[in-house]
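Below, each structure is written out as structure tokens.
Consider the two complexes below, in which subunit A is the common component and subunit B and subunit C are the respective partners.
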Partner chain A sequence: MAQTVSTRPAGLFRRVSNPEKRKKRSEALTAYIFLLPYLFIFLTFTVFSIGYAFYLSFTRYNLLRPPEWWGLEGYRRVLCLEALLPRGEDAPPLACDDLFIKKALPNTVKYTLIVVPTQTVLSLILAFAMDQKLRFRRLFRTIYYLPSVTSSVVISLIFVWLFSPLGIVNQLFNLNINWLNDPRYAFYTIMILNVFTTSGTLMLIFLAGLQDIPTAIYEAASIDGANKFQVLRYITIPMLRPVVFFVVTVGLIGCFQVFDQIYVMTSGGPLDSTTTVAYLIYKWAFRDTTVKMGQAAALSFILALIILVFTLIQRRIIEGSGSVGSA
Partner chain B sequence: MKTLLKWFVPLMVLSLLLAACQPAATPTPEKVIETVTVEKEKEVVKTVEVEKPAERAVVRLSGWAASPEETALLQSILLDFTVENPDIVVKYEPITGDYWQQLKTSIASGVEPDVFYMDIFQFPAFVRDEVLLPIDDLMAKEGVKRDDFIPSLIDAFSDAGVTYGIPKDFNTLGLFYNKDLFAQAGIAEPTDDWTWDDLKAAAEALSDPANNIYGLGVPADPGRFPIFVFQNGGSIMTEDYSDTLLDSPVAVEAATFYTDFRKNQSGAIPADVGEGWQGTVFGKGQFAMVYEGGWLIPYLKQQFPDINYGVVTPPAGPKGEGNLIFTVAYVISRNSKNPEAAMRVINYLTSEKAQTKVLESGFALPTRLSLQNSEYLKTNPASSAIFRGALQGARPFVWGLVGSDVNEQMGKALERIYLENQPVDESLKQAAQVIRQKIAEVK
Partner chain C sequence: MATLTQTVPKKATFSDRLIAVLDRVKTPVFYAILIGWAILCIAPLYFTLVFSLKPVANVYDPPLFWPIPFSLENFRDVIGALPLFPRWLLNSTIISVVVTLARVLFCAMAGYAFARMEFPLKKFLFTALLISMMIPGQVTLIPNFLVVGPGIIRGGLKIGDWTIPTGFGLMDNLGGVILPGIVAAFGIFMMTQFYKSIPKELEEAAMIDGLGRFGIFFRIVLPISTTQLLTLALLTFQGEWNSFMWPLTILRTPENFTLPIGLNWFRGEYYTLISKVLAGSLFNTLPILIIFFIFQRYFTQSIAGTGLKEG
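Let's look at the complex of A and B:
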């Protein structure tokens, strides 16, 4: 607590002659009192937990025995550095798990690269459509938003039925695909599910962004004789840039952490085709007979680092030469 | 500070991952319950006033809650115990949701119950990390004899001559067969003396792939396939679990025999007919034979009451009988403050009287040898076949410290053969290599 308070200007309780300043200080104090309950929860359950997890990432810990200091061994085992080198047939077994570099990381990157652009473009198109003066516009907006307010576990279970071999999807398109049990299709099924559930929320954000663009600019463009496409290309999309940055960032972080749909629908199978980094963390931390809490914690921090790097790269790309502004 | 840290253990990684917190185990209330009310057989409500002795030992008991009926039965047995032992208070704290996750985190925070369920599959890790209390002395004090229990069960919960748990119930695999489909195909029903050849011939005769009917269910399930390895004279792990034998020639032979059923279309996996579990497929009459445990009996009674089926012990292979034992024991935590009282609770729960009650309700098979001649088993041939399995060359379902990895790799090896047409020996070799890597990891 003391730390938080001391970040404010040094003389919080010093006598101030200026009544303006005094008012400001008392406002700040009130604000902190209001923030206190949240700060307490935040510090114990987020800051402390992350700190302790960071400590655990340098230990060997199976929950049954106290953690034992292990240095960087956990990180080495996650990255499985030796596995990156060619090894002979009869080489002794490696003391590491190459599931991360061989399956979880490529799967997660693939998932992100497919889902993020798809859901962004789809929700942008939806937002444009909903921005027009359509009949039943409100009804459509509600329908598109509905999946986003439904529990992801419930939607996952519904999708399990929809995509079962005798399910409605196969019947409708006259297919005979075992969507969730075939390593070739299982991951794509989950991608479809994710695009379906998130597009509604992203549409709403884009819609807010669209309605934020001042009409004066459009009017000016129409006076200058710009056609619809030019308006879209030179006004709407550039003006939406901060919103696009937000949507892509949120989507990116969400995709890298995709977990619940996989937990419910496939448990990482078949043949690890749907094992993602977040699911692998869960598996190591809780599923194994001998749990690897330290290794799981190490992977959590590696994942955080990956997300940070990807967000920075993407910020570069979207910013381009111009500036993103307040986003 | 240390205990404070321990409290947060369950929360830290979870909050990182899910940004959602799980409530920590609620501290047990200090209040002693004076009146115990239990709903018995739906309508009869029994209330017993218990006299309050000066000092009462508290025993916390935890297990997974399989079903409301089973929980009610356990509570009624515990009520009888309380009446007979007024100096002990049993606090029953069933765990819903992920049992192992919650049990392990409660051990990490030092708030685990005195007595809890221990699955044989998880047993090795708990013994190695010295979580469980050796109970030989307590058993002697309480008058519990090892010889009273089915040897393969009590041995499963022993390590280096030390007993750690009293088996509570068990299951083995039986060959469930659909009598109507056998009659239709005009072949003789299986007997306990069947062999692999009989099984293969029957599966071929029963199959009708055009109508989605298959002779035998051969799922990529690590809880079914190992019995074929045993029947072929092999094993999944070495005696001390320090290496796997999954890529040994006998295991490869067994896997070839097992997976050939699907190759020849005389067998199938549940996913082939759009199901997740072969029990459902069997109930629907699409698999004529499946290897399942006693859990299938109540399921069929509820979901498919019209099915006409029988159960025999698994057909013998070239090297004789082989079966798996799935068993659960009551164990005591090393941190328990009242180990004597805990042992008395366990003794009561596994007594002949209590086990007869459980047996007659149809939930589980008893672990006491004396109950093998009980009336219930005589009048229920299906349960009797599952019970006999434990006495005929069955081995516990346990693969050492890396059990979940062995299971996973076995399942994947079969999936690769089924879904990617990988050669059997190559697939098992790949699985064995990963298992060796996992063993090296936990060393």
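Let's look at the complex of A and C:
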């Protein structure tokens, strides 16, 4: 056997006769066998998908006929931008789908501006309360996590019923509001649901952050005669800053992707008052009677860009605060 | 030093007095906050339970807080009279179990390769993995739907007499829900981080004993990483059991629905039977709650971990 290997002709096989190199090559081969399932899924559902979605975003595609190239028209329609690229003299008047600019984007921004601060402050307060050495902390922690383990669909269905005209909320507070069918209230009901379901998880992140602050720093401060306000101002808050940014970024990204609750509770209505960016992508691609896959793909890249910007800002701030902290 | 400053009498400033007051009210205030939020967290599930334990004829009659009169009618109907509910339960179970088992194994394999083996393009592939974690699911939703279901080119790619399918043809099929989920970037990342932290000596000893990479992985590495594998399994199971957007896109006929999709569909079809929907909802919630209570430690640790890792 060994003889046949050594008498093989020059080329690939000769090089592996070096035992060190042969070992290396067999290790690489083994590694790729370990990676095979991942690479298959990654190449199919991530690399190819992103590329194909990018291509689709420059096409008109309704599933019935093959995608038809129309350049930036999809982006132009989504953003309602005449100026995105110069159009020819004889170009038809701009057909603009202003649902993104007029409804989805303002709605999502409003949603984010209300939900993120509320859930951040609420979960921070809860984390402070949990960090006191009070009794029943384990029980509280378990209870707070309940809304997060419940499926988003189930909790949405429960909220649909709680906030229905005959539901518990109206009965308890003696109100007569049609929460989910009134454009004035529907979006706020969904916001309440979101704050309700995420605060428990965010509280756990804050709690871990609080408990991660070394007790030695607190002891040093009390020896230096710092009072409790000073400890909070100069130790707890600065040390917690990276965690706060993390929670805020996770919140921002989550808010921009909110879908399940909208789909189940209002389907974007009434009068598009709860249509968000993520819901609009789904609506254009799968729900509208005339399917607009290309336009939906264009919007998905706009969404990805927004999320990317948030992520990069978060990275910047955390890295910045990290160097300040260590200096 | 400390004793010296304490002996000097200090005039109480405003902030000192404020702290003294706050110290006295602090504990009751914190208890009030904790108890108040706990009540809010339990209330929706509690009211749901009460509501679904009342007979359909009396659902809107008082009292609100207790199931009087009491009836198991809704739960009986959900299990017995509506054949779709058990079907959905089964579909959800199949999808969650298969995805969980596959993902845990494949993520552990890939994580081990990234942490412990040398191979060309390793850095590049790992960076690609990290980047892929930042891409929102909406971007890949449409092409993934095409690839899993109808195909990129309708009717396949025709080259001469050959027709090459451009999709998996798994539309309205549980397999279509399962396929893209069998590996997850965050799972690989998690396992890579863990395998980097275990001592190399264990593997080296095994290698001297003549064990190959596969033997090391299955006989040594997998058994010592049960905690991580269990955490990944729990998070995956919870995510798949509750997942909505992807199965909603793939599954079309009621017989193939998962429990969340089915419940939402049922609500739309029979909106007067809301108490049955809520009883069914509790069936969706119960398994996760039981798993959560048993393995609470793993859930909370993994969440606290994400904050620390990134923060």
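Everything below uses one rule, namely that the second predicted complex is superposed on the first by the 257 of 327 C-alpha atoms of A that agree within 3 Å, B and C clash if a C-alpha of one lies under 4 Å from a C-alpha of the other, contacts with A are read in each partner's own complex, and residues count from 1 in each chain.
Keep in mind that, in the parts below, contacts are C-beta pairs under 8 Å (C-beta built on N, C-alpha and C of every residue); 3 or more make two chains touch, one makes a residue touch a chain.
Not measured: the values here are computed from a predicted model.
Within the superposed three-chain model, A:Tyr52 lies in touch with subunit B and with subunit C [touch as defined at top]. Of the two partner chains placed around the shared chain by superposition, subunit B and subunit C are both touched by A:Ala278. Using the contact criterion defined above for the overlaid structures, shared-chain residue A:Leu210 touches neither subunit B nor subunit C, since it reaches no partner.
By the document's definition of touching, neither partner reaches A:Ala221: not subunit B, not subunit C. Subunit A is touched at more residues by one of its partners, and among subunit B and subunit C that partner is C. In the overlay built on the shared chain, the residue A:Val247 is in contact with subunit C alone; subunit B does not reach it. Once chain A of one complex is fitted onto chain A of the other, the partner contacts of A:Ile114 are absent, as it touches neither subunit B nor subunit C. In the superposition on chain A, A:Asn178 makes contact with subunit B only, not with subunit C.
By the touch criterion stated above, A:Ile235 is placed in contact with neither subunit B nor subunit C. By the touch criterion defined above, A:Ile158 lies against subunit C but remains apart from subunit B after alignment on the C-alpha atoms of chain A.
Comparing the two complexes, residues 44-46, 48-50, 52-53, 56, 63, 164, 166, 257, 259, 278, 281-282, 285-286, 293, 296-297, 300 of subunit A contact subunit B in one case and subunit C in the other. Subunit A meets subunit B in the complex at residues 44-46, 48-50, 52-53, 56, 62-65, 77, 92-97, 164-166, 178, 181-183, 257, 259, 269-272, 278, 281-282, 285-293, 296-297, 300.
Per the touch definition, subunit C reaches subunit A in the complex via residues 1-2, 5, 15-16, 19, 22, 26-27, 30-31, 33-34, 37-38, 40-42, 44-45, 47-48, 51, 60, 64, 102, 106-107, 109-110, 112-113, 117-120, 122, 125, 128-129, 132, 134-147, 150, 152-154, 179-180, 182-183, 185, 188, 212-214, 217, 238, 241-242, 244-245, 248-249, 260-261, 263-264, 267, 274, 277-278, 281, 284-285, 288-289, 292-293, 296, 299-300, 303-308, 310-311.
Of all the residues in subunit A, the ones that touch subunit C in their complex are 24, 27-28, 30-32, 34-35, 37-39, 41-42, 44-50, 52-53, 56, 63, 66, 125-126, 128-130, 132, 134, 136, 140-147, 149-155, 157-162, 164, 166, 168, 171-172, 196, 199-201, 204-209, 212, 223, 225, 227-229, 242-243, 245-247, 253, 256-257, 259-260, 263-264, 278, 281-282, 285-286, 293, 296-297, 300-301, 303-304, 307-308, 311, 318.
Subunit B meets subunit A in the complex at residues 5, 8-9, 11-13, 15-18, 21, 98, 100-101, 104-105, 107-108, 121-122, 124-126, 129, 131, 271, 273-274, 401-405, 412, 415-416, 419-420, 433, 436-443.
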